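Residue numbering begins at 1 within each chain, and the chains themselves are lettered A, B and C in the order written.
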Amino acid sequence: MARKLPRKDVVVIGLGWTGSIIANELCDEGLDVVALERGPWRDTATDFNIGYAPDELRYNVRQELMLRPAQETVTARNNADQTALPMRHFGSFHPGNGVGGAGVHWAGITWRFSPADFRLRSHYTERYGAQSIPEDMTIQDWGLTYEDMEPYYDRFEYLAGVSGKAGNLNGQMQEGGNPFEGARQREYPNPPMMQTYGPTLFAETAAKMGYKPFPIPSSLLSRTYTNPLGVTMGQCTFCGFCTNYGCANYSKASAQTTVLPVLMRKSNFELRTLCEVLKVNLDSSGKKATGVTYIDTSGNEYEQPADLVILCAFMLDNVRLMLLSGIGTPYDHRAGTGTLGRNFCYQMANQVVGFFDPAKYNFNNFIGGGATGMAIDEFNNDNFDHGPLGFLGGGSTRCAPIGAEPISRRPTPPGSPTWGSGWKKAVRDSYLSNLSVGCEASSYANRGNFLDLDPTYTDRLGRPLMRITFDFPENDLKMSDYVTRKVAEIVRAMGAQQIDENPRTGHWSVVPYQSTHVVGGTAMGMDPSTSVVNPYLQSWDVPNVFTVGANVFPQNSGYNPTGTVGALAFRAADAIRSRYLKSPGPLVHA
Amino acid sequence: MTRNRLAIAAAAALLVSAAVPAILAVPARADDQDFGLIERGRYVATAADCVACHSVPGGKPYAGGTALQTPFGTLVAPNITPDRETGIGNWTEEDLRSTLREGIGRGGKRLYPAMPYPAYTRMTDDDIHALWSYLRTLPPVSNAVEANQLPFPFNIRLLMAGWNLLNFEPSSFKPDPQKSGEWNRGAYLVQALGHCGTCHTPKSALGADDNDRALQGANLQAWYAPSITADKRQGIGNWSVDQLTAYLKTGANHQSLASGPMAEEIQNSSSKMTDADLKAIATYLLDQTPSAGKAPGPLAADDARMRTGGAVYTDTCMACHGGDGKGQTFLFPTLAGSGLVQADDPATLIRLVLDGSRAVATDDRPTGPAMPPLGWRLTDADVAAVVTYIRNSWSNAAPPVSAGDVAKVRKTLAQAN
Amino acid sequence: MTPSERLKTGRPSVFHTSRRRFLATTAMGLVALSASGARARVLFGTGLPWDSGAIEPPRQVLPGPWIFFTAREAELVEAIAERLIPADDLSISGKDAGCAVFIDRQLSGHYGSSERLYMKGPFQPGLPTQGDQSGLTPAVRYRQGLKALDAHCRQTMGGKSFTDLSPEQKDQLLTAMEKDEVKFDGPVSAVSFFGQILQNTMEGFFADPVYGGNRDMVSWKMIGFPGTRYDYRDHVLKHNQNYTLPPVSIGGRSDWARKG
């Protein structure tokens, strides 16, 4: 029997990037906010202590900062005819856990999606005709425009201290920036990062080939910076321990380094760690949330009444909580009815490794960071003519030296031995003279890809696991093949002796790590028949429930998602502050 | 007009209190409608940082209970809310005055100088009256505190009579007519309300202030409170008035971040004081110029300790404090040219390396970054070497630190934890 | 004292304080949620908490008695590590680098027991894209795999055990295992066992020496990885120039002080 606690104005589920942004904004509105975080408290000097933060075995290989599958995992299958089986070990993606969430161990690449992304179906229909979109491709518009998002992108970039170079300032193209980006109201808050040898060579070669290289927008900071909340962050030292690690010197933007110092001072904010929400409670009408039920580590259950419930957990958990709570209509892929769980998408991660002459090239790959490097956008989104190509979408191409921890990142040329003296020589020769160029590409929604609750496997509390039914659509595989060949041309032109091309091929596998950019499942939009939340991230069915995360993407762009997730958090908070509180109820009438 | 009203109120209060035994046990009352006076009293309490000792973390303000570790044993600050049984509800303003000015509480009870009456003795009557008026408005909290937990013989309060005879003379603040009003206001705040010397002035064997070395740095509770004089090497003589004001107001300035006991002081007290008062404090402190001791020459860069310390520094410290020791403003303190780094007593430096520390967070500078604990990684000799290195690099100069010095601090911390 | 011993001896009581101390001493408005002793923590309104005892540094693994392996198992693992990473002019062998010690300690901890993984049934065979579904922990894989390897050798190599084979014979057998050309008795296949031990040997060779392998940072020196260094700002723009500072481990390096 759950013990009933005193009412709060707002309960925020999960204290990562979105939870901390929303909680801070709503506290500023004077609301009493409680955040329930499933994982532990985490802080820089203790949990990311500089003496042991750079520990590859512990953090990258054994995944210490990630959610433990023993606590919760997912089941997976490629199509509805297969039996889904649990991911016993997180391979393909790494959900975060604890205060700061996946924002603790992210790489820091901070894009804005392109103007076309937000009206994707309309855009392709206008440019190539409705028949260009395959019948089973369920891409759709977001119900807002890039212009609607711009002020919120700006807020997130200034919160995080993003280091970069504008390509389009209020419509004026800027030398050295991304020529394909939407207009931005002002420069990035910080200048671009310094560049190591690899990205420099990539950019020189790309420029010679007629492309327009620009620095990757980075939430690793190029200089000391104090954000609009008054929180100071440090200068990135290129240690190369970003992705899968916490940052030890306050130079990677995260909830810890941008929001929490301010939020934790507020007397109307309360954080409860190691508390896992079981479900959102609804009243008898099913149209109003009354709060949440959660459980602590002693197994005690509590009911936390609240007027507003905001789901800010990792996207898979947001979708799962809505399924477990009965908020929205589950998607039925056969009938094509329902929306909850629909349009689950991923990110097509493609890579080309070049092996250069070790006598002439030393890239010092260990010098880097998750978001350092140079990029081109010629093969992203609809920046190139898809007319003759037979597929839609693309990806951002970049040379980003994220570090070179040797258990995981010591590629050898194809055909090298995997052990013995021959292997050793290959590793020694390649370690400093190989260079990766990746293409992080779009993932477009497909009728057969979706999320629902698994009928067999349960978590430690007996609740059904989330079931992922997903495979790479033919469109995306064609796109991967195309962009990877384009990337390989550049790497060859850079002077690589040997090339290892790795476009995404075949069926999706849970085994190798690809990307944690899983998106969708509670798509946003203006049409309740194809979306779960409206463009303010408010549930169509239960208007005092909002959800903020990549779960609201209708499909994925050829960019990393965090910049857009952060902007959506600010936008949702703004809608709650300026409109919802004045008149609680639906912000959009269907 | 206001002054007259204050005077009348004060007189009335005294009258009532004098009459108490004869009439009723009604405690003295200030004019509890005099909002200006109460506000001023609150400011006095803030500047005197009463709450730091007279509250427990998370507890009711002023309800007492923080244990002070003194060289002679444990003292607990009493409940100073107007609760009649457990607080000072049956005190008179005169009781408070004699407590602050003479170290003698209600009923002739002698206080221990953990209560900084050697500083408060200089408080003006106006400030004491305002403070009294404010304390009377606090909600009474019933919380019995056993203040005196000293072992025999120190638990004999009468001993304090002897101590006072040797070490204490009630006095009052004497302005220096040669100096500006601002300087004198600063002097009053430093010497009386702020009781800066309680931490920053070295103590005699009996625990009394060594006034010949006022504000030149002292060790307490395993922290070394550095010199806050204008000494350019060990003090803050390289800071401007504005830089010192910023430090007191926000907890951080171009070079430094407050942590440890100073973090608490800034949080509870100086961050809430007026800019004018902080500027006055800075003006006064930066005019305190002790005869500089003979500065040691820096250790040679090829000294073995410097080589080892340099290796540890490069491998462990540089990613925050920088190869040039300049740090990053508002985040990582500057080591080059820092008085604390070059202080003769390295206790604070050693403990920061071993045990880390959180810098103060204020509304103006909310970041509150923390130095990571590194005692698990570095041996005593490593810590000694790296501390010696930062004390003798980038034009710094200070005596070397030994592994034995580190071992002592490590032991103290282990006991405290 | 070697740098690798530093963590053990250089870690006195300062950090031995427990996270529980937080509850007792913090100034951060922190309370236990219920009288029944819920460990969940509540923080509000008073800023970021601080507890220097909340750090969790790794413990230095020192050579010594085997914890998981029997003497015989350890002999086999060392013999395999010596072939996967043979001694040559580039480095000492995987055995001498401590890879077997590393694996022994990993198997005796959470990795060996899979306690952090999803280990609920039903266990059923899946497709390769669904990942390993065997339910066998690494500890069981080693116990069974080493037993099967020994049995296989005695049956097919004229009664010899793996450790009796010549280096060439060992390499031939390992190659056959890698290519899935050998059949083991028992639940662990030869090819999967080979993959397991190759992965763990490489982990031990390249992980921080604090975990018992990579003795004296031998692999890092071999390839030019500077270890736990955290600041390369000075070298970012030195394009195509060799980095010259030596590697550093969590336990430090030989230029640090020798005595605690």
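Criterion: a residue touches a chain if its C-beta (ideal position, glycine included) is under 8 Å from a C-beta of that chain, and two chains touch if they have at least 3 such contacts.
Since we're looking at a predicted model, the values are computed, not measured.
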item	value
Neighbouring chains common to chain A and chain C, by label	B
Farthest chain (mean CA position) relative to chain C	B
Top chain pair, ranked by number of contacting C-beta pairs	A-C
Rounded Å distance between chain A and chain C, as computed from the means of their C-alpha atoms	30
Distance from the mean Cα position of chain B to that of chain A, given in whole angstrom	47
Shared interface positions of chain C, touching two or more other chains	46-48, 52, 55, 57, 228-231, 250
Touching two or more other chains - residues of chain B	319, 356, 358, 361, 368, 370, 372-373, 376-377
For chain A, residues that touch 2 or more chains besides their own	43, 46, 49-52, 235, 237, 239, 248-249, 261, 265
Chain A contact footprint on chain B (complex, rising order)	316, 319-320, 328-332, 356, 358, 361, 363-374, 376-377
In the complex with chain B, residue positions of chain C that touch it	1, 6-7, 9-17, 21, 26-31, 46-48, 50, 52-53, 55, 57, 228-231, 234, 245, 248, 250-253, 255-260
In the complex, chain C residues that touch chain A	33-34, 36-49, 51-52, 54-58, 83-86, 88, 90-91, 110-111, 114-120, 122, 124, 126-133, 171, 174, 178, 198, 202-203, 206-208, 210-211, 219-220, 222-233, 235-237, 239-243, 250
List of chain A residues in touch with chain C within their complex	3, 41, 43, 46-47, 49-58, 61-62, 68-70, 73, 76-78, 82-83, 85-89, 91, 194-197, 200, 235, 237-241, 248-249, 260-261, 264-275, 296-298, 300, 361-364, 366-367, 404-407, 410, 418-421, 424-425, 427-428, 431-432, 456-458, 460, 507-511
In the complex with chain B, residue positions of chain A that touch it	43-46, 49-52, 224, 226, 229-235, 237, 239, 248-250, 261-262, 265
